[in-house]
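There are two complexes below, and they share chain A, which is joined by chain B in the first and by chain C in the second.
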Partner chain A sequence: MKNRADLIIYWGGNPAECHPRHFTKYTIMQKGRFIPNGRKGRTMVLVDIRETPSAKAADVFLQVRPGKDFEVLTALRAVVKGQRVDAAAVADTGLSLDQLTDLANRMKACRFGVLFFGMGLSMTRGKHMNSAAALTLAAELNAFTKFVAMPMRGHGNVTGADVIMRYTTAFPFGVNLSRGYPRFNPGEFSTIDLLVRGDNDATLVLGADPGATMPQPAIRHLSQTPTIVLDPKVTHTSRLAKVHITTAATGITAPGTVYRMDEIPLPLKPPLVGPYPTDEDVMRRIREAAERKAHIAA
Partner chain B sequence: MPTLTLREPPTVPLEAETITPDVTAGLTLDAVRALPVYHGKRKLTVGDFFTVAGEPGESIELHGDLTRVKWLGKGMTRGAIHIHGHVGMHLGAYLAGGRIDVTGNAGDWVGGEMSGGMIHVRGNVGGQVGAAYRGSASGMSGGTILVEGNAGIELGMRMKKGLIAVKGKVRDFAGLQMKGGTLVLMSGAELRTGAWMQRGTIVSLAPLRLLPTFAATCTYSPTFLRVYARHLAVHGFTLPLAGYTRYAGDSSAFGKGELLVYTTPQ
Partner chain C sequence: MAARHFLLIPGRTSKQGQQINIGKDEDAYLKMTTTLTMHVDDLKEMGLAAGQSVRVRSESGEAVFAVQAGNIPRDMLFVPYGPPTCLLMPTETDGTGMPTSKGWDVEVEAITS
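And then the complex of A and B:
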């Protein structure tokens, strides 16, 4: 996209503040092989519920009403295909039909479009269906031009977790292995839903802090059942856990690999030496201890 | 009729797809007790969790708090299951025939990808009722699901045939990506009803907030509704026969679906 993308859309995200290097390193500011004029050769569209600092960088800013992204994306899919939409119902989303038609025309006319969607889309009412709408729109635009969609990830290396789960189990998250083979069902096997229903009787937390972000019933279940945390520092989750194993900080005192948002693996070289074992080390030792115990029991 | 009573609720979900009349019909009570169930990752037996009494037969009666018991009646083709109390996810998934009755609430995925038979839930149900499983092209392809209480999100997602009727409130995305079949919403639904539907019919007796991709076409009294009204009246669901406004959509998808919204006569 650095070399080719001439239409960049950010939807429900604020890259100027949340991903400050995104503009300059990958998208609008770069001069690319087929975009010799850099910023002048690209159009940036920002869709959000409020005018964030990212709006200053945008050529077109579209302000939707909160929770109306699914409606806008669905209407956009219809407009792209030349189908009829109800102008009054479109106006209810905060955008006019003219704005939607203009955006649809830009999308169809570009040579290579990219739709980045942030947590303003994936974490509001409709959740996975909002993401599905963004992905379907991008997929359908390939009938006219080259178009891709990519999520703007929040925390460090969440992409890495998805990638590893995908190549080991074929599914990125929400996987259950209790029957000996992977089963995928978000809503049934995804972490928050399991914890809220209280379906698990123990939790191992690896490089995450659910105690800071998850809803109250989930946190209550974490504190009432055995929870084991592997983390370099004290977190909300480690405070309510039964066991907290301090591990080395990856990239500081431990080597490792992080995955960039576009799934490029980047190796990390630790500059310091620390006293703590790595996450991998701890997990391996736990597994070996469990195998020994199973062996003795047998 | 074998009667299974859950002694105490399992600590983690219990996957009990073996509890269906197809499996138990020819079995003695001891053989029923020996049937495998999965408690988390552990393979145990029905007898470890349930007391089994009564006579062997074509129908099964279940008692106790079955909220964490999943996959009851999976793929059953005949007989009946009577559940007294609440029940967990995937009740009657892949149902092909027979009948399941629940006096309490049921979890998500009731009648997922069922192809025939009938499920009647007196309480509330979770999300994805009669829906397609993840990665599957189509949801229920026949049969009837009746719900007296409320229903969760994605009711009848990708359903192809069959009938779902809900008396209580329904949450977002009812009839998501529907390919056929009929949804009857006696108390309407929240947002995004019929999103991305290709074909099929959604009947709502309460006003709906529609997506921009639906268009009003006419007011009419569809003749086929008489057939559904007669079928549903037996089970205490009363459908008015006239006074519907027809909306067509979803124009972002194939767009041959119809939403029939009942408008109270002036």
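And then the complex of A and C:
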């Protein structure tokens, strides 16, 4: 992207606030090998339901009516393929057919396009259908030029969790290992669904603060069942947990690996020495203790 | 003043992201996660003054916020994610593993007393 992307589209994301280094380190501001003029050599399009601070950085801002992203993406796919599209139906999305035609022309004419999509697309009404429409659009554009799509992830290193889960179980999340082999079923085995239904009777929380981010019934279940938290700090979750083990902060007092959103692993060297064990140490010791106990019981 | 329907868009802000790492118990975090941004004309229409408290109800629960005017389309609200938005967040994930995290239909009413 840095070296080649001449069209950068952010859809349902606000990188100026949520990924503040994205513009400057990876996309619009960088001078790349095949983009020697940097910002002047790239076009940035922002699609969102509200004018966020990212709009100031955009060459084109398209304000979609809430809940109409799927319709816009589908109409755009038709325009890209040269099919007839009803202007009145497009107007219902908050955009005009001229705006969609202009965007489609830019997408087809670019040398290398990137579609970054954020939670405004993937976690609003339509969810996975919106994401699928965005990915299909990007795939279909490869009939005309080089085009890729990439999600703008929410929390730090959520990509890392997905990558590790994928190469150890073949699935990114929502994995059940209770039968001794991995089974994948979002909606059934995913964390929020388990907690809200009360399916699990204990929870181990590693590097997250669900007590400050999840729906209230999930938080209530965490507080009513044994919850163990590994975290360098006191958090909303550690307060409701039965056990809080203070661990070293990765990248500050512990080594580790963080994954960039494009799944590049970056090793971290701790600049400071701290008194607390790493998450890995604690997990290993818990596992060894459990194995000893199982051995004695046998 | 009767309650009015809005579309609530919870989201992240740069300041909130910084404050998460400073501490979620700080007054600054509490203030930013309990401040709703509303279009100035909606604010006037509801007879609200900046800083006034409102009760927000969703299908999942209710929470109290202070209001401020800001750059947002009419009939829409913005608030940074935090413990108050957990009270309003739906639980249904539609088989995706994640609840709908944006675009909630909510009812807003002024707290008079």
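Assume the second predicted complex is superposed on the first by the 297 of 298 C-alpha atoms of A that agree within 3 Å, B and C clash if a C-alpha of one lies under 4 Å from a C-alpha of the other, contacts with A are read in each partner's own complex, and residues count from 1 in each chain.
Criterion: contacts are C-beta pairs under 8 Å (C-beta built on N, C-alpha and C of every residue); 3 or more make two chains touch, one makes a residue touch a chain.
What you see is a predicted model, and the numbers here were worked out from it, not measured in a lab.
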Superposition on chain A - do chain B and chain C clash or fit: fit
Inter-chain angle, chain B to chain C through the CA centre of chain A, in degrees rounded to a multiple of 10: 90
Partner chain(s) touched by A:R125 [first = chain B, second = chain C, both, neither]: both
Touched partner set for A:T235, first chain B, second chain C, both or neither: second
Touching partner for A:F173 - first (chain B), second (chain C), both, neither: second
Greater residue coverage of chain A in the superposed arrangement, chain B or chain C: C
Partner chain in contact with A:R77 - chain B first, chain C second, else both or neither: first
First (chain B), second (chain C), both or neither touched by A:A89: first
Which of chain B and chain C A:L204 touches, first, second, both or neither: neither
Which of chain B and chain C A:M283 touches, first, second, both or neither: neither
First (chain B), second (chain C), both or neither touched by A:F184: first
Three-chain overlay, closest Cα atoms of chain B and chain C, distance in Å: 6
Chain A residues contacted in one complex by chain B, in the other by chain C: 125, 186-187
For the chain B and chain A complex, residues of the former touching the latter: 11-13, 15, 38, 40-41, 68, 89, 108-109, 127-128, 133-135, 172-173, 176, 191-192, 195-196, 210-215, 250-252, 255
Residue ranges of chain A touching chain C (in the complex, touch as defined): 14, 16-18, 20, 49-51, 63, 66-67, 119-120, 123-125, 127-128, 154, 173-174, 186-187, 190-193, 196, 209, 212-219, 233-236
Residues of chain A touching chain B in the complex: 70-71, 74-75, 77-78, 81, 83-87, 89-90, 92-93, 125-126, 129, 177-180, 184-188, 199-201
Residue ranges of chain C in contact with chain A within the complex: 7, 9, 11-14, 17, 23-25, 60-61, 71-73, 76, 78, 81-83, 86-87, 89-91, 93-103
